[in-house]
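Here it is, the structure in full.
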Amino acid sequence: MKRGRALLCYAFFAACVPLFPYCVNRVFLETPIEAKMGTVQKIFYFHVPMAWMCMLFAVICGVAAVIQLWRSSPSAEAVATAAGEIAVITGLAVLVTGPIWGARSWSTPWTNDPRQVLTALLWLIFVAYLLVQRYGPPNADRLAAGLAVFGMIDVPIVYYAVELWKSTHPTTGVVGSLPSQMWSSLWLALAPLLLCTLGLFFVRIRQERLSQAMDAAWVAFDRVGSQPA
Amino acid sequence: MSLLRQAFLLARTDLRQELRDFEMAVTAVFFTFTVLIMFVLAFATLRPDAQSHAIPAFLWITVALTGALTLGRVFDRERETDALSALLVAPVERLAIYAAKLLTTMSVLLMCCIVVVPGLVVVFAGARPLLDRWPASLVLVFLGCLGYAGVGTLFAGGLARGRGKNVLLSLILYPLTMPVLLYALVATQRLLENHPDLWQTLLQMAALDVLLVVVAALLFESLMLESRRYSVPRKEVS
Amino acid sequence: MSYVADPESSILPLELRGIARAFGRRSILRGVDLRVGRGEIVGLMGANGAGKTTLFSIIAGLLCADGGTCRFADTDLEAGAVAIRARLAYVAHGPQLYPLLTARENLELAAQLRDAAGASSREAGGMLERLGLAAHADRRIEAFSRGMAQRASLARALAAAPELMLLDEPLTALDRDGQALVAEIMREERDRGAGIVLCSHDLETVLSVSDRVVLLEHGVISGEVRARECVDLHEYRRLVTNLGTVVSTRRVGAVRQMA
């Protein structure tokens, strides 16, 4: 079973190898340049999938954290940790690509768009999640899990709250509707990115599980070695 | 019933200790005052028409800063001699501890709001509606503080079991309480502008508070104490 | 290491089986078996870091065990219900009192909290008097010396009239008179029917009050002596010391065989 999961990771990475160049080719050479925004709009094909994945892994992390707290499950903890890390990485990618795109198309890198604020906050929450795990007190694992649960709850609320907030601060800048060809390129670009992050995700889960098993093995060895013959 | 009675007893204990040295109340109120002065100095030349956009931020940033300061110390009296462990061993409902600490934090925060809201009214002419529409201001301040303290008390309690990791509290607190603070910002602005949807926003805020406090209460015990230890996966050991 | 339960104790307030606990990769408890009967004082001895406090924390419900069962009056302690907690008392190494409250207020708070949970308590004033704090009952804990705070902490635990008491180094901060007083009170409580686990690494005091001494070494109960079996203190001490060393050499042998 363990072997099968490892093979799955490799399969994900292997699939990325041809998919990535194909996807770049498709996005840059075969998809028409967007009329209003120009070439900079190409960033959209990487930015949007990253943002989706950031949300996805934030939710995975939150759900796993609930299970971790509720059932005291070490596998859920491994999943939550891995998902939290992936959410931070993808979130960072979103936060870097977003303003680059925004600087050209909205002529300002930051517009307080609900999605922007949401991603930034989500990213902060999951950075805090990792920091608590790293520097927290002995009960840091559970504290971090609590943090992730609230992070998950905050996602829809922040989105709604920013919409509400923005209604009092009118700003411009809307992503217009896209031709279907661009949408299909977007879906295609999603595939290698998703496969790559899923591969990383499973590798990290595996590492966490192995690390837990190592700890357990040390403890077990310690226990056997100390018992009177 | 025992839960409410215990929560009352613990809150009374906090109050009784506070009445003996006034440490938390005095420092928190004076800190609030300091922050207010800093805003006044920094924004002394703010044009009146821009004030209605800035005042909500002044109010809630002050609450956020004071709240972090208060939450960092709300478990201090227990932590000093590890009385928290004694409470956890005693036949006390864990929820009573959460409720009592939430009450203490709320009291301190509301006390600070009593300083900061009139303070803003005195200094900035644009803050006048906060006083004129005082029932709405009262509800707004209460709901904003409740959401903030509800989440904060949970993590302050979780961190109180370790030793001096309070820097993590601010790190956790600000991003997590952003929805409440955003709502509070919107509601405050609507209050200042006499927006017709003000009460609807406050109602949504109340619903959000209930959600946050309920989730925090549910998580409190598992953040304070280990519920069950992991059973070691045997097959991976061999 | 297992042993036959004390035949004199009909009901076992506390029964530990195979309690194990690790912190990270360090195994602190490696399968502790311990039974404490009604009306019995069990001395728990061990060097610094042997896991005495960890064991107490597990019994008191502050920590969870990795393995093994911990039963108290035929109820699983891991359930951690309020009703169970009302029946045991844990006096930790620190005083765990509110420093700004007086000794009496601290005791009264504990009693009121117990009352709210439907558990009765002994009268606070009487308990403080019993521990020689009558004159200081209305002074704040912050003005107390270490020993006085220790007495107040013991008074709070005793006021609960617990069926099981866990005492973590209750005598260290006390003066001679205090130690004698606490030993006397412990015997009284035992005669009332309470089970007491007394932890210390000070051989002398443990031997003088315990009915039975168990040795916690390398995360297991490695030896046990019964007080009534020997009369001479020197003999007794020799026994305890020997038991410790015998088990230690055995353990070294076991490790060598594995390697």
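Some notes on this structure:
Order as written gives the chain letters A, B and C; numbering starts at 1 within each chain.
Quick note on the criterion: a contact is a pair of C-beta atoms (placed from the backbone, for glycine too) under 8 Å apart; a residue touches a chain by one contact, two chains touch by 3 or more.
Treat the numbers as computed from the prediction; the structure is a model and nothing was measured.
Ranking all chains by how far their C-alpha centres lie from the centre of subunit A, first place goes to C. The innermost chain, defined by the distance from its C-alpha mean to the mean of all protein C-alpha atoms, is B. We define each chain's centre as the mean of its Cα atoms; on that basis subunit A and subunit B are separated by 30 Å.
With centres defined as mean CA coordinates, subunit C is found 49 Å away from subunit A.
Mean C-alpha positions place subunit B and subunit C at a centre distance of 39 Å. Shared interface positions of subunit A, defined as residues touching 2 or more other chains, are 138, 219. For subunit C, residues that reach two or more other chains under the stated contact definition are 66.
Residues of subunit B found to touch two or more other chains are 226-230, 232. The touching residues of subunit C, when paired with subunit B in their complex, are 21, 60-67, 78, 80, 82-83, 85-86, 88-90, 92, 94-101, 105, 109-110, 112-114, 116-119, 140-141.
On the side of subunit B, the complex with subunit C involves touching residues 1-2, 5-6, 9-10, 13, 16-17, 20-21, 77-78, 80-83, 85-86, 88-93, 225-232.
Here subunit C touches subunit A in the complex through residues 1, 20, 22-27, 30-31, 66, 218-220, 222, 247, 250-251, 253-255, 257-258, going by the rule given at the top. Against subunit B, the residues of subunit A that register as touching in their complex are 69-70, 72-74, 121, 124-125, 128, 131-132, 135-140, 142-143, 146-147, 149-151, 153-154, 157-158, 161-162, 164-165, 168-169, 209-210, 212-213, 216-217, 219-220. The part of subunit B that touches subunit A in the complex is made up of residues 53, 151, 154-155, 158-159, 161-163, 165, 168, 171-172, 174-176, 178-179, 182-183, 185-186, 189-190, 201, 208, 211-212, 215, 219, 222-224, 226-230, 232-233, 236-237.
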